Amino acid sequence: MKTIDLNSDMGEGYGVYRMGDDAGMLEIVTSANIACGFHAGDPLIMHDMVKRAGENGVAIGAHPSFLDLWGFGRRPIHGERPADIEKIIAYQIGALQGIAASLGRRVSHVKTHGSLGNMAAVDDALAAAVARAVAAVDRSLILVVMPGMATERAGAAADLTLMREIYADRTYGDNGNLTPRKEPGAVIHDAEAAAARVLRMVGEQCITTTSGKAIPVAIDSVCVHGDTPDSVSMARCVRTMLEGAGYAVRPFAA
Amino acid sequence: MKTIDLNSDMGEGYGVYRMGDDAGMLEIVTSANIACGFHAGDPLIMHDMVKRAGENGVAIGAHPSFLDLWGFGRRPIHGERPADIEKIIAYQIGALQGIAASLGRRVSHVKTHGSLGNMAAVDDALAAAVARAVAAVDRSLILVVMPGMATERAGAAADLTLMREIYADRTYGDNGNLTPRKEPGAVIHDAEAAAARVLRMVGEQCITTTSGKAIPVAIDSVCVHGDTPDSVSMARCVRTMLEGAGYAVRPFAA
Amino acid sequence: MKTIDLNSDMGEGYGVYRMGDDAGMLEIVTSANIACGFHAGDPLIMHDMVKRAGENGVAIGAHPSFLDLWGFGRRPIHGERPADIEKIIAYQIGALQGIAASLGRRVSHVKTHGSLGNMAAVDDALAAAVARAVAAVDRSLILVVMPGMATERAGAAADLTLMREIYADRTYGDNGNLTPRKEPGAVIHDAEAAAARVLRMVGEQCITTTSGKAIPVAIDSVCVHGDTPDSVSMARCVRTMLEGAGYAVRPFAA
Amino acid sequence: MKTIDLNSDMGEGYGVYRMGDDAGMLEIVTSANIACGFHAGDPLIMHDMVKRAGENGVAIGAHPSFLDLWGFGRRPIHGERPADIEKIIAYQIGALQGIAASLGRRVSHVKTHGSLGNMAAVDDALAAAVARAVAAVDRSLILVVMPGMATERAGAAADLTLMREIYADRTYGDNGNLTPRKEPGAVIHDAEAAAARVLRMVGEQCITTTSGKAIPVAIDSVCVHGDTPDSVSMARCVRTMLEGAGYAVRPFAA
């Protein structure tokens, strides 16, 4: 039977603040990328997310970021040495592992957040630092990567198990990278269109670019968002269409 | 042969800031309590401290705190539920474990910092939360406690290995707790006097109070400070006097 | 004509986070208490709030707090010296004045937030520090106080113009202070009941306590909240009922 | 009589942390650039610095930065819109003005810190945002700029009074900008050599570049540092040599 994973960022509140519909998403996705306190998240929220992900059979992942609460990890921060990036990633993975251990759960995967992820995707030195950090903390951890990008190469070189993902609501350029958000059409808002697109890419194991090109890649997971009511609907639509096409939607880590 | 441990708080800088003479103290003490980012410390400093502690044969410990960088964890913060304290401690222990794992080292002990430690010493519910957090993350972790206080009772009830400590530079009241810093004579500044006092308390396994009372306790470790040149001298004096009296100064965790 | 002011806390988001319906409240209230970055708020949100308050004819106030973003300023933090509280209040008022000046607006009032406000209401030394800070920065600033409490006494002693407020959705004890939130019935959820209660208290210039006692006080403003859709409805209901009873609802500062 | 100003960054501690010899520098310099809490500084330190600067006849300036405590404002942070930079600068100037007002003092100048300053020096849009922010808060504020760079042009276009500074311990390239710190020889460590160089540049009103070129500029102030004992010595040496050559060293703002 064909299988596919659905992953989503979660636990991205802080203190009294909340972001997105985590409860709704935990009924849809199979892998949760949990914020670790650097761009969002705090020990209480992390505890709650690990507990509920575990109860829902959703794989628990760390979602490390640059230290940038105010900018939600979205500001490109330069001047960090790759060796230092390793340390901030090790800290964040460990923090979630501590919370998970206290609940008798395990962290199964790591996905970098925001600018850290975007920068690592196109920077081999940074990507290698990410992979080294994951391998150094626990080499059984799965690294989430964008297929064809620097992170996939670095993860493979570090001999890590990789979970290759595509984005349900984003278009791709011919370089295999996401079209920048600022460009018109970069974000797909129509749930049916997004789901149909995902189904085609997963079925063909290809990234379809805005110019019509198809780039052959391996696809293990689909990233969906839960920030808005619309995005939860889209996530549900993606899952429904994949299941309708005969895919078993289940954690890649399982 | 009689043995004793010497412990000290370390890695209490942040970003460009530094606090105390960590390098000097690593040559004197046998257990390092490393700040975990909530009152001080950051992933780079933690990495550096774990690396150097490991190289010096010094046991690596987590030094969790209330989230209070500005107040250096010294402000009494009320209104935290004990269940939430468990989560912030699990996070901080895990963060240090992540850093330690990336260096092939292990965290051996946990000592709470500042106001969190002071409040837990006299609050059974808070002390129980601390002990539960440590046991839940990894029950092989040693919990550092003040003998006779709530933390010792809670740690024993949680069946944790305890490291009972006295303070080299502080006097004690008849309740077995430290004399508040504000009271005259609460802090001992004379290195020789402090060392002689430590030697007597360790030898007799008693806490000597300001009224002259002796409270029998078990003493496994002596806490020394490294904030100022004077405090490093005192630490060295304590070690020298203990060794002169025939004690093997070595990590309790060993 | 009888006049009354309505005030509400605003701009309590941070970075990407938002809290409450600020736009909705700006159509209802006449004084905005704008978070200054210590428990919530940041320069971008503050700028936006000052701009929109100005456009709506709503008086602009500073809403200073303990430095406690994670706890949203609600955690009781002890160990601050009153002299230091003065400095954190001066900083926060000044920060909002800087933003206001850049928009050609003026800050008219100051209301302390959360635990700082609660603690000052019953602590004469802390209340005096608050009043001193406001007077020192700009003695034309209006201080928002709870009538009958320490803050009113301190503000009067400092010869500040005072804006005395009651809370629309909270009950009062015989000591004239708010009933603690934990007690059953402390928070009023029924909009009509709250509005009727406000109308009676404002009309009689009395605080009605849970035991039925009436404490004569001066009332210049009513504090309403905007955190939830229900609270915005209640605020609107309070305003409508006051206007129906012949009150001109307008800024106290005007 | 020829006059010159000496400026230095100050109050760059945070909480329990301290940075540099502020007391020593206040005896040497005539303008203090006081950190405003975004890269360093807090209300207590700011209060202390304003008080002591005032007592020493040293002009009080704001030293705003990107929000980056961990990176000490030295990390290049991209993705901030110039309009948002205006708001963070207005906030920080206002915060120091609030502290200064509470002490009966006035803020006289503004100098951007670290990466914000470096980026503004070569980015006309960012430099214009800085100048707009200063002018919008209080157009009597003096803007500190590097002569020949974008900040000088923007400040002049905004019709602000400018204080043009050179660095005592840094070399310059032919583009008139500082030689990057990483390059060998970028930082001058010899106090006598630095002072002689300053004297020549101030006397000739020229920047001398590493290639030997002399770029004619106006020089109103010399920036000296106080981070290390050596840097304080250098600052004293610069002052002594300038006074020996007949310069009256006094605040530009006076």
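Think of it as A, B, C and D in the order they're written, each chain with its own count starting at 1.
Keep this in mind: a residue touches a chain if its C-beta (ideal position, glycine included) is under 8 Å from a C-beta of that chain, and two chains touch if they have at least 3 such contacts.
This structure is a prediction, so every number in the text was calculated from the model and none was measured.
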item: Path length in the contact graph (chain A to chain D, fewest steps); value: 1
item: B-D or A-B, whichever has more C-beta pairs in contact; value: A-B
item: CA centroid of chain A to CA centroid of chain B, Å; value: 39
item: Where chain B and chain C are represented by their mean Cα positions, the distance between them in whole Å; value: 43
item: Shared-contact residues (touching 2 or more other chains) in chain A; value: 42, 70-71
item: Complex contacts: residues of chain B adjacent to chain A; value: 37, 43-44, 46-47, 67, 84, 86-88, 90-103, 133, 136-138
item: In the complex, chain C residues that touch chain B; value: 67, 70-71, 74-80, 115
item: Interfacial residue positions of chain D with respect to chain B in the complex; value: 13-17, 19, 42, 69-72
